[in-house]
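Chain IDs A, B, C, D, E and F follow the sequence of writing; residue 1 opens each chain.
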Amino acid sequence: MDVRAEGRRIMNELMGDGYVEKKDTNKNTFNEAIHSYSEEVCFGRVWARDGIDRKTRSMLNLAMLTALNRPTQLAHHVEGALNNGCTVEEIKEVLLQTAVYCGLPAAGEAFKIAENVLRTQGHLD
Amino acid sequence: MDVRAEGRRIMNELMGDGYVEKKDTNKNTFNEAIHSYSEEVCFGRVWARDGIDRKTRSMLNLAMLTALNRPTQLAHHVEGALNNGCTVEEIKEVLLQTAVYCGLPAAGEAFKIAENVLRTQGHLD
Amino acid sequence: MDVRAEGRRIMNELMGDGYVEKKDTNKNTFNEAIHSYSEEVCFGRVWARDGIDRKTRSMLNLAMLTALNRPTQLAHHVEGALNNGCTVEEIKEVLLQTAVYCGLPAAGEAFKIAENVLRTQGHLD
Amino acid sequence: MDVRAEGRRIMNELMGDGYVEKKDTNKNTFNEAIHSYSEEVCFGRVWARDGIDRKTRSMLNLAMLTALNRPTQLAHHVEGALNNGCTVEEIKEVLLQTAVYCGLPAAGEAFKIAENVLRTQGHLD
Amino acid sequence: MDVRAEGRRIMNELMGDGYVEKKDTNKNTFNEAIHSYSEEVCFGRVWARDGIDRKTRSMLNLAMLTALNRPTQLAHHVEGALNNGCTVEEIKEVLLQTAVYCGLPAAGEAFKIAENVLRTQGHLD
Amino acid sequence: MDVRAEGRRIMNELMGDGYVEKKDTNKNTFNEAIHSYSEEVCFGRVWARDGIDRKTRSMLNLAMLTALNRPTQLAHHVEGALNNGCTVEEIKEVLLQTAVYCGLPAAGEAFKIAENVLRTQGHLD
């Protein structure tokens, strides 16, 4: 198995066909090492593993990115969670649980970010 | 439904029969408000909800408590995860995913904490 | 006492008449649980308590929201602090103290956010 | 005014007579710069200021040190809060408020740390 | 030595001639204490020290500001790092190392912020 | 080049001969994935790179691990920093700089942790 190819394949499954190829057009000598890290370590090495399914991995990411205060990547992973089969209700439940553990300011921001993605993608009226 | 009774019931399901009653013996005028908060808000209000199952909630907590750097509660929730049906392999996968998002120091500590609980509970040779 | 009504009453006292009613217009099936959490847990359960006054609670929030890196909610609570009777000098002192404990980057951002609110509200020339 | 002498005077007022002199015995060429930073920047420059009283500064510290996950210094500042006139009830209220904003794991640990100090100092039965 | 004058001199060396004088025009009774803190504590007291060179201090700041999730100040210190003699390759290596320790979301954001500064300043094609 | 072998070689250079072999004796089916991650991603992929020298990488780690509140790994990397040629004075300067950016509580703890390692290793009287 080619770790990089496997990582790129999973990224496209998560974020939509052509996602990786679009990112390729932004690569340069400065940022290529972090792009490779994402493809090979994050997706090829960890997301590629069995043991828990992709939908669960997506829910874990929503919780962690809320805890870590990373709004840009939270928005991406709300999209990814939908692509991996999470329902709007499941996303809501994950974010509500963050209110208890990460605090209301973290959860409140996460709800706003997720709501924006859900509306853009036609999942809210 | 009595939110507090429901929360206490779920805490015992998560942590083992008699867990809440043991905590009751430590209550006093100083800490009773945080105990009530835990019973009513954390467990009665959030863990009591449908939408995602208890096992998934446990995995979310392992990820969040690693991100939040809270070793004492991480150890408790490794126990809770086992009681909620998580396998050793699933716990391993959750914690490995934290390495990518929360960093290796966070994940490395989480593995040590979880390994200690798993060994104490007879889940590792 | 109705916890939710009490929470909503306190939110309006803190943020200005009509604040809660305006938020109501943004509620939907996705975000209603976090709105209820805010009204009932944050304001109805905690802000409603005696023991420390509202002005002190506002100052605690300025310090915590700076530590937690939550600029949007910090801006709201600068407004709330003014409504709760904090002077510009008191807000300055709270934020300066965060420089020592949370670091200069956190404090520097907090000063900019607060200055912007203070100027908008006519508290700075 | 000598900033360092003023800082040392305030440290002793906060933590008890002889506190600074005891710390002096641990100074060496490695750690003297951080001791001076504490005396001159933290206490001589910031705690020495007017604008908010010492008791309020203590409460702010309890909230910030909980948010920042710093248990050792939280314990010291519970002592300091008592010396600055905070009541047990006020300490309880500050820490309960952290549950909403910093999350329950942070607040739960803070309550345990504070309870231990309060008991050692004879403030709890 | 005048600590404030020394701090202001170093700020201009780091960020470019006239940087401090431009900041002076934004000073007012609200924010002057944090400006003084920056000039006297951050630059006059710490950056002014020998023991490690300015270029190393800049690289430490890139790593810390990534860990602390402070994008605005990270952008300033990418500029400062260039002024202190860091090469584009060195900045890349520092940020790649943050991926391992602070997590990929932190490092990914830091790369975007740095790339933007580097391009604006003509260091990337 | 074999990434894993390279990572293991660098770990031994950083932490002392036999360090990796000693860690091998603690491996099991639960923790082997995080050990491999450390050997291959952290050391084989990132520490193995040119562009900045090992001593600088050690200093970056002291700063990041202080910011991230990871005392156990900070202690290890103080040892590593000494093995990579950092002087006691350089370690002091790195940690003093964290006081400004990460706050005094973070820096104060880091000084205590480092002092303990330095004394154990005979670098302080």
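Just so we're on the same page, contacts are C-beta pairs under 8 Å (C-beta built on N, C-alpha and C of every residue); 3 or more make two chains touch, one makes a residue touch a chain.
Fair warning: this is a prediction, and the values are worked out from it, not measured in the lab.
*Asks:* What are the mutual neighbours of subunit B and subunit E in this structure?
*Replies:* Chains that touch both subunit B and subunit E, as defined above, are A, C, D, F.
*Asks:* Report back the single chain whose CA centre is most distant from the CA centre of subunit D.
*Replies:* Ranked by distance of C-alpha centres from subunit D, the top chain is A.
*Asks:* Through what angle, between 0 and 180°, must subunit B be rotated so its C-alpha atoms fit those of subunit F, rounded to a multiple of 5?
*Replies:* Superposing the C-alpha atoms of subunit B on subunit F needs a rotation of 120 degrees.
*Asks:* More than half of D-F's contact pairs recur, by residue number, in one of A-C, C-D or B-E. Which one?
*Replies:* That would be A-C, since it shares over half of the contact pairs of D-F.
*Asks:* Measuring centre to centre with CA averages, how many angstrom lie between subunit A and subunit E?
*Replies:* Distance between chain centres, rounded to whole Å: 30 Å.
*Asks:* Per the centroid of Cα atoms for each chain, what is the distance between subunit B and subunit C, given in Å?
*Replies:* Computed value for the inter-centroid distance: 30 Å.
*Asks:* Whole-Å distance, subunit E centre to subunit F centre, using C-alpha means?
*Replies:* 24
*Asks:* Multi-chain contacts in subunit D: which residues touch at least two other chains?
*Replies:* Subunit D, residues with two or more chain partners: 37, 41-42, 65, 68-69, 92, 96, 99-106.
*Asks:* Tell me the shape of the graph of touching chains, choosing from line, ring, star, complete and other.
*Replies:* Shape = complete; every chain linked to every other.
*Asks:* With touch defined as at the start, can you tell me which subunit A residues reach subunit B in the complex?
*Replies:* Within the complex, subunit A contacts subunit B at residues 41-42, 46, 49, 51-52, 56-57, 59-61, 63-68, 89-90, 92-94, 96-102.
*Asks:* Can you check the complex and tell me which residues of subunit B touch subunit E?
*Replies:* 100-106
*Asks:* Considering the complex alone, what residue numbers of subunit F touch subunit B?
*Replies:* 28, 30-31, 33-34, 37-38, 41-42, 65, 68-70, 72-73
*Asks:* Using the touch definition from the top, list the residues of subunit B that touch subunit F in their complex.
*Replies:* 69, 88, 92, 95-96, 99, 103-109, 111, 114-115, 118, 124-125
*Asks:* Residue numbers of subunit A touching subunit F in their complex, please.
*Replies:* Residue list for subunit A touching subunit F: 37, 41, 45.
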